[in-house]
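Next up: the structures, one after another.
You will see two complexes here that share subunit A, one where it goes with subunit B and one where it goes with subunit C.
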Partner chain A sequence: MRWSSRALKWKVIAFSVLSAYLAVLPIFAGRFQLVLFTEILIWGTYALSFDLVFGYAGLLSFGQSIFFGIGGYSILYGLKLGFGPALSLTFVFLVACIAGLVIGAAIVRAKGSRFFLITLVGSILFYILATDNSWLTGGTDGMVVPGKFLGLERYYYLVLGITLVLVGLVWLLVNSPIGLGLKLIRDNRERARLLGYSVKKFRILAFSIGAGIAGLAGGLYGYTTGFVSAGFFHWTKSADAVVWTVLGGTGTVVGPFLGAALLTFVKNTVSALTGKFYTATIGLLLIATITLFPDGITGILQRLLEKIRGSADE
Partner chain B sequence: MELISQISFGLFNGAVWGSVLALLSSGLNVVFGLMGTVNVAHGSFYMIGAFTSLVVFKGLGTFWPSLAISPLVVGLLAVLVGAIIRPVRGKTLVAVMITFGAMLTLQGSALIIWGSRPRRLPLPFMESFSVFGSGYSYYRLLVAAISGLVLLSLWFLLRRSSLGVLLRATRADSQLSQSIGIPVQKVNLIGFGLGGSLAGLSGSLMAPLVSLTPDMGLRIFATVFLIVILGGLGRIWRAALVAFVFAATRSLTTAFLDPTKGLILTFSIAILAILFESGTGE
Partner chain C sequence: MSELLLSTRNLRKDFSGFSAIQGIDFSLNSGQVKGVMGPNGAGKSTFLKLLSGELQPTDGEIWLKGETITESGVEQVSRAGVSYLPQRPRLFRSLTVRENLTGAAQTGQLLDVSGVRETVERLMELVGLKWSADKRAGELPGGEGRLLDLAMALGTRPDVLLADEPTAGIDETSAGRIVQLLSDLSRPSSDEKFRFEGMVFVEHDMSVLDDLADEIGLLKEGKLLAEGEPEQLRQSETFRHYADNHRTSGDHDGNLFTNV
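Let's turn to the complex of A and B:
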């Protein structure tokens, strides 16, 4: 118990230092870095939604791009209808949550790889639907989000604020009795059921909250870039969430952000990776991480920390 | 007369397309039966098979050798993927993610090598015959014949050969098989290779009939998966039957349905089918 409270203390310190750093970043960062960090925060939030659904609830969802897309179009239509940004973002979260609730209620009965396949086929289906109904979505050419440009710093702080709040809420959720129930269901469904947990309700809840977070990420992306297209629904977006989370560390709150940060940074600096080499690279990276470092970056960091701590104790 | 021509054309197309789908779904089923894992990269194996035909055609000036080369190349690729999965056997989700990684890698590699522009191969021979007034190429008939032959050989391999006994024993109970001295690991790899080469052959056969793009495998994967689910996961022959019925229905309705709407319908049915089937295995 002493160890875990000490670990918690370190986590809180690290989190505060990082938040403080991110809060003062715009003072010395250039335009490029500001855009990059805004993007990283959005992608990290998006990956976090997958991690909540897979890492904590054990549902291998390939459908996060569905909610990312729904979020993107919700902000577009929210603003078009004349709601302000704040109200529109709330609207985005609610719409995505409800979509997640409906879809989740229909599909959580599918187990294991079947769940993955439904969400895989579903994400391709949504992409085809979005490109096919361009009167609603603007197709792959997309649509411009109404409202004037408010400055990079404002967008950055908006995204940072929402991200920090979401991270805090997810952290509270996964460490609450609900989170423990989710982890129990993930690790041993039969035992959870015998103990009286409603597997279905817990999973629908996690899926719906995950959908809301993915939707919010899509809404923020559409709002800050001023542009939404059918590409928001593209299945490679779902693949990104999987790869970022696995790379960063599944079942941890910070992992998705580390994975998203690393890959977004590399993608933006190594120009070879933005083009045609990207898909093959993340594929190989996914295989390599799963087989060689199943705990991802956070797992490696944790082992390093333990080693340092072990040698300090001696 | 117009209608009869259209219907007979549709049935012919259905038989040809159905035989290829049957070949593809049997490959998916062999792997599923052995590993208990849906191989998400199966569609990419099909795609690589098709592009191998393109390479062979460009290099040798003739299409025919690729019918042997594609299954070999893709079979070896599949063995490689099977070897990567081996250590995580039993952890279904992890295995699925690895095959998904393989899918991304193969599709991404195809994008690097061949680009996203659709490629076409000429028909190996142009001769055609007339079916109620509409021309029908002999090559399509050949595709159906080869697929049928390979399916029959697969049946003999699984039912009548000693390798088939090993494959079926491993599939029924891998622990028991191991304990009586069957080299389960090797048998699994052979099964994975077999499934892959069936996909490679399908891709190669279809290469002159479709346009080749790196994402051609992903689209067909949804269809094949739908067929496998409707036939019952792991049940090779029922899936083959479903493939024919599916293809016949599909090609009869394409005349009345635009392709995108047809695709949307297929995908929606696939989702419902997966949701409501309660077959065996994970």
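Let's turn to the complex of A and C:
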């Protein structure tokens, strides 16, 4: 990850322009677009949680849906207990972080494919538990989140605000000494240990923060749609996070959002045309990305940018 | 000055069905550099790995500055002040030289960002990698990779440096530079901030052993056969016997004894 101060400047400009665009979007966007963008932001945040765990800490987690579900039910019960939205969302983050800490401490020692399998089985297990305990979760029928409808615009701005703050915090984190520690561990675990890094502690930290972010995404999804169900825990939700991130570009903050945006957009607009071939289309797209552009969309963009810059220098 | 820095008592390491280290008593004093030599398979690298915490001993004890580190894992040993330079370079290949060094320098002072930056600049100067700061470590040629590896080992500011064949398999210029650096930094009078108090290194090359070591230990089949100052050791019965044996048997270390 080489970046000069000039590259950083461009990133800041691009981020500011995009933020400004998103900030004024409700002025000209219709209802459908507003819902779509709210959803994209939430899915992007959710994918970001996976990226932190996989792209930075090197843990192939198929268990992000566990925390997405925990987040969904935490907001539901937070509001039911009368905490109010702000406090409930804080509650969501903390509960998911703690869940991540406990689960992470138990499983981060597992390596590679074993970690993947454990987290996959974990999300299946949580889904079964949630469907079996419908007194608590409402099962697959779900439960309605208490509180009255506040309007699409308000939900959009709430989600946008939280997303921007989270993106900023994650960016700071991955560019901090802790972020460097994570990159070292991802690159060469044995050498990192030789230098005195506790691989376990760093990984638990990343897994826990990732869990907190996935939880917030689940909480926001439940809050803005007014509905939470056992389906939040379903392992395919974990797979979504993986697919979005890999497509967008792992190990970057913006990649998960690009991947989530593209696929959510395609799903909501083009699926009417492609019909039942949607899943197959996505599958082919993903295989093509992994084989041809292993760095995802951000990798393609970066190469394009370097080309443009290269020809400008000549 | 000759305060005990690092020591082992009856150190043993068994691998399944085979005993690699068979009861070694070893001590390194402050201000001392000890070289370890011996034929291939003598257990030299295993011995260093035990000292670094990368391997756990089957039996025996390891002490560092009066405290036991026998049970400590590699990251605890590192934080206690022992740096280990493995035989093959282990770099963070996809990260830049600067990131590699920052990673080493920030251990122990995670929050002191400007202090870390200063340390990194000094390290790059020391090993001559200033112009490669933004290159990926994986792109460096062998000699520079080895220098980066050494700079990382120094970056944690160790009291004791363990080096496994620090000059093996690299170009002469880099090798010379490494020997010079190790010699400078182990001198008690050095005022360089990366000075260490003691070093144990494994080496095949007799001239490097002569340049660096205050004492040399001869290791064979997991046992420390003889120990002493280079000249003294060379005169000893054990060493002569050993050298003769290995010259005639055409051991891999044949080159080692050409200038005996």
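In this text, the second predicted complex is superposed on the first by the 299 of 314 C-alpha atoms of A that agree within 3 Å, B and C clash if a C-alpha of one lies under 4 Å from a C-alpha of the other, contacts with A are read in each partner's own complex, and residues count from 1 in each chain.
One rule holds in what follows: a contact is a pair of C-beta atoms (placed from the backbone, for glycine too) under 8 Å apart; a residue touches a chain by one contact, two chains touch by 3 or more.
Owing to the predicted nature of the structure, the values given are computational and were not obtained by experimental measurement.
> For A:G196, is the partner it touches subunit B (first), subunit C (second), both, or none of the two (neither)?
So A:G196 only meets subunit C here.
> Between subunit B (first) and subunit C (second), which, if any, makes contact with A:D187: first, second, both or neither?
It touches subunit C, and subunit B stays clear.
> Contacts for A:L286 in the overlay, against subunit B (first) and subunit C (second): which applies, first, second, both or neither?
first
> Per the contact definition in the header, classify A:Y157: touching subunit B only (first), subunit C only (second), both, or neither.
Neither partner.
> Quick one: classify A:A239 as touching subunit B (first), subunit C (second), both or neither.
In the superposition, A:A239 touches subunit B alone.
> Report the partner of subunit A that touches more of its residues: subunit B or subunit C.
B
> Using the superposition on chain A described above, determine whether A:W171 touches subunit B (first), subunit C (second), both, or neither.
In the superposition, A:W171 contacts neither subunit B nor subunit C.
> Find the residues of subunit A that appear in the contact set with subunit B and again in the contact set with subunit C.
Of subunit A, no residue contacts subunit B in one complex and subunit C in the other.
> For subunit A, which residues are in contact with subunit B within the complex?
Residues in contact with subunit B: 58, 60, 106-107, 109-114, 116-118, 120-122, 124-125, 128-129, 132, 235, 239, 242, 246, 276-287, 290-291, 294.
> Please name which positions on subunit B make contact with subunit A in the complex.
37-38, 40, 84, 87-88, 92-94, 96-98, 100-109, 111-112, 115, 218-219, 222, 225, 260-261, 263-264, 267-268, 270-271, 274-275, 282
> Which bits of subunit C are touching subunit A when the two form their complex?
Within the complex, subunit C touches subunit A at residues 52, 54, 73-75, 78-79, 83-84, 86, 90-96, 99, 102-104, 106-108, 110-111, 113, 116, 134, 136, 152, 155-156.
> If we count contacts the way the header does, which residues on subunit A are in touch with subunit C in the complex?
Listed in rising order, the residues are 1-2, 177-178, 180-181, 183-184, 187-188, 190-199.
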